[in-house]
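For reference, the structures are reproduced in the following blocks.
You will see two complexes here that share subunit A, one where it goes with subunit B and one where it goes with subunit C.
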Partner chain A sequence: MKKNEKIRMENICFSYKDQKILENITVSFPENSIVAVTGPSGTGKSTFLSLFNRLWETLGEGRLHGKMFVRFGGRMVDIYGDGFSAAELRRRVGMVFQAPNPLPMSIYKNIIFPLKLAGQRNNGEMVEKVEEMLMKVHLFDEVKDRLHSDARILSGGQQQRLCIARTLMLDPEILLLDEPTSSLDKNGSTRIEDLLLELRSERTLLLVSHYKDQISRLADKTYELAGKCLMRIS
Partner chain B sequence: MRLLSRLSVTVFRLAAFGSGLLTIAVFLMMLSFGWPLLTDGQFFTLLAGEWNPANGLFGIYPMVVGSISIAFLALLFSLPVSLGTSFVATVLAPPPVRRFVLGIIRFMAGVPTVIYGFVAVFMLVPFMREQITGGSGLNILTAAIVLAVLIAPTMIVFFVSGLKNVKPEYCLAVDALGARPVQKLIFLLIPQAWPSIVSGIIMGLGRAMGDTLISLMLAGNSIAIPASVSDSGRTLTAHIALVIAADFSSMEFKSIFACGLVLYIFTVIVVVALRWVSPGQDLRSI
Partner chain C sequence: MMRKSYERFIVLFSWGSFLFLSAILLFIFIYLVMRGGGTIGSRLVFGDVSPLDALLLRQRVFDGLLPAIVGTFVLVVLAVGIALPVGLAAGIYMAEYASGWIKKILSALFDVLAGLPSIVIGLAGFSLTLFLHKILPNRIGPCLLISALALSFLIMPYVVRSTQMALESIPLALRHTAPAMGATRLQNILYVLLPNCLPDILGGAILAIGRAAEDTAVIMLTGVVASAGLPRSLFEQFEALPFYIYYISSQYANPEELQMGFGAALLLLVLCGILFVFAFLMEQLIQRRMLR
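Let's turn to the complex of A and B:
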């Protein structure tokens, strides 16, 4: 076991509706880094990402074999092992989707939503944390006067930054990013990329992306998913 | 192709317009047949008075009380069970269990009403008579229990449909944030599916108010005003069925159109009231 290892996959095979998607993948990713996964469309990149927070389980009909370990609190934990719930895992492994998905509520309520789920009730602390997170994603100045407006009125780029802020509220140690800039314009993409580079210093980021130039700007390690296998390409 | 499209739109519009017109026509027909009673100065006597045809009294108050008490009691029994079942069938149970529960519900919805009544006469009525209410066992409580079973599938189908139609991207977002199934239900699915839940309640109550056979078979059909749920009672629908079977021209017969009018107006009031109190689709409860 390497000292700075954050994630380790051992002989992972995954099939969905009897169709093999991933076969015998063994790999480990270091902490505080950006690991990019690229590859042709339809090869299962999003599915690959959903293994790390067990989100594929919500769709049903998937089957996983092998072991997956994540270092939590200095100890490698089998995330599919007994006694480790999917809900608990998802609070420690955040995910940002290809299209921004703000919930149908105000900007403020969107951001505190994860805290509500985690059972936090201290409004004073929540207000402080909302401000802190909005500043972190460089959104505070743009929305500070309309925190109680519906989040769906924001632009695509603002919505995506809002979703990142919402994901960061529980301080996840790993961030899964499924083509987070694909629905944004150049300006919006640049802001998100800058933000990801800032976040790298304190957490592990797994980024699925089609854009080679984006990968070269961001990634510490790059893998390609093709033919059901994961290959290191840089 | 464009002509076909236009023709379809016209046909569908005519169908929608015709449905609305039919509803109004039914109301006018009942009004016209019940008019002699309404113009006879007996309107309030009719609504608030007793039923004593021998003395020229055609009050439908006992039937109004019977209908309302049986329908609301049935809704009271059925609503929590229906909500719970729909939660199990959409979120709380594993997929195979969900499929099994939904299969049972669909089967229940297809069982003819008379079968429920028939089974209740031989199984529930003796139990109620000997263990719970005494008397004949034919009373408001017995009818309400069976009616609750009868309206449950209708409500569950509405609830499940509403819960399943919540936008997948919202569900994905909430799942990815670490929501447990119950939290997903409380914070996302119920507020989003609220209009469908209200529609299901309206349909359930409408079915309970409109059902004839169960109350006819199980409520006892007494024309006295019921004082408790263990008393026998008669609903407006059962009253219509009983009178129409024996008469066709007297004032007594005409009173059943007043029963129909009351049922109609009551349904309209319930629908409007529930629509008025039901909130929009935003998650305001959080």
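Let's turn to the complex of A and C:
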């Protein structure tokens, strides 16, 4: 086991509706880094990401073989092992989706939503944390006067930064990013990329992206998913 | 060229259908107003009794429609009150929990229930009344509660189907948002999925209100009568506007009585309108509370 190893996959095979998607993948990813996964459309990149937070389980009909370990609190934990619930895992492994997905509620309520799910009550500390996260994603100045407005009125780029702030509320150690800039214009993409580079210093980021120039700007390691296998390309 | 004229035909046909339906609706409404508008007034609702005395229950209204208006209102609220929570829960089960052959069988059952003629449901309600009368003699007979129960079965498929379809049409990205933050299945349903499809569920509720307010066959066999006065309990017979309209239009003795039937139809439309507005305001209130 390497000292700075954050994630380790051992002989992972995954199939969905009896169709093999991933075959015999063994790989490890270091902590505090950006690992990019690229590849042609339809090869299972999003499915690959969903293995890390067990989100594929919500769809049913998927089957996974092999072992997946993540370092939590200094020790490697089998995330599919007994005693580790999917809900607990998802609070520690955050996810940002391809298209911004603000919930039909206010900006403020969107950001505190993960805390509400975790059973925390709305209080003064929460207000401070909301401000902190909005500042972290450079959105505070743009929305500070309309925190109680519908989040869906924000622009695409603002919505995606809001979604990142919401994901960061639970302070996840790993961030899964499924083509987070694909629905944004160049300006919006640049702001998200700058933010991801800032976040790298304290988290492990797994980024699925189609854009080679984006990968070259951001990634410490790049893999390609093709033919059900994962290959290191840089 | 051929394709262009085909597209133009489709657009024209759509517009034509829309205008045709709107014209029919307008015609019905104008005809009702012309025939029954003259009867609208306190005499139609309260008869010879003063409105204050009638509303304070000091005097019973015999020749006005107040008992039928109150009876219809209570009947619809009760029927929707029973059908909405049960239908909502069944719709959630169908969309979120049921799968495989169980889902197929239940879907077929709800489709059969939706297609049942209301007279059959009325007959089932009547059989229930007979059964209850047998085990509780002299204590229960055709009444408001059994009518509401039977009506709720008539409208429940609308609520089930609208809830199920609304939940199933939620995009996968939104469906995954809360679980990706650690939400349980129930938390996802309560906090994200249901609030998101509230307008569609409300659409089903409005259809249900309309259907419950207009049906005559079900209530005719389960508790409505021509003259019962204001409903004093759920276990008594009652009057209702749709039955009054049916009764007066088939048994009228003079043109004035028939005109009162048209007046009653207008009142029924107004009552439905009030209930639709109430349902709409409820949706607005819930959405505003979610934003705050």
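Rule of thumb we're sticking to: the second predicted complex is superposed on the first by the 233 of 234 C-alpha atoms of A that agree within 3 Å, B and C clash if a C-alpha of one lies under 4 Å from a C-alpha of the other, contacts with A are read in each partner's own complex, and residues count from 1 in each chain.
Here, contacts are C-beta pairs under 8 Å (C-beta built on N, C-alpha and C of every residue); 3 or more make two chains touch, one makes a residue touch a chain.
Since we're looking at a predicted model, the values are computed, not measured.
J.: Kindly say whether there is room for both subunit B and subunit C on subunit A in the superposition, answering fit or clash.
T.: clash
J.: Check the residue A:46 against both partner chains and state whether it touches subunit B (first), subunit C (second), both, or neither.
T.: neither
J.: Between subunit B (first) and subunit C (second), which, if any, makes contact with A:148: first, second, both or neither?
T.: Second partner only.
J.: Contact-wise, after the overlay, does A:120 reach subunit B, subunit C, both or neither (first, second, both, neither)?
T.: Neither partner.
J.: Have a look at where A:15 lands relative to subunit B and subunit C in the superposition and call it first, second, both or neither.
T.: Neither partner.
J.: Going by the contact rule set out at the top, does A:98 touch subunit B (first), subunit C (second), both, or neither?
T.: second
J.: Which partner chains sit in contact with A:182 here, subunit B, subunit C, both or neither? Use first/second/both/neither.
T.: neither
J.: Just to be sure I read the superposition right, which of the two partners does A:32 touch: subunit B = first, subunit C = second, or both, or neither?
T.: It touches nothing on subunit B or subunit C.
J.: Once the two structures are superposed, pull the subunit A residues common to the subunit B and subunit C interfaces.
T.: 53, 55, 58, 60, 87-91, 94-95, 97, 99, 101, 103-105, 109, 113-114, 116-118, 150, 166-167, 170
J.: Tell me, which parts of subunit C touch subunit A in their complex?
T.: So the residues of subunit C touching subunit A come out as 99, 173-184, 187, 191-192, 195-196, 287, 290-292.
J.: Residues of subunit B touching subunit A in their complex?
T.: It is residues 95, 169-180, 183, 187-188, 192, 281-283, 286 of subunit B that touch subunit A.
J.: Which residues of subunit A touch subunit C once you look at their complex with the stated criterion?
T.: For this pair, the touching residues of subunit A are 53, 55, 58, 60, 87-91, 94-95, 97-99, 101, 103-106, 109, 113-114, 116-118, 148-150, 166-167, 170.
J.: Across the complex, what residues on subunit A touch subunit B?
T.: 53, 55, 58, 60, 85, 87-91, 94-95, 97, 99, 101-105, 109, 113-114, 116-118, 150, 163, 166-167, 170
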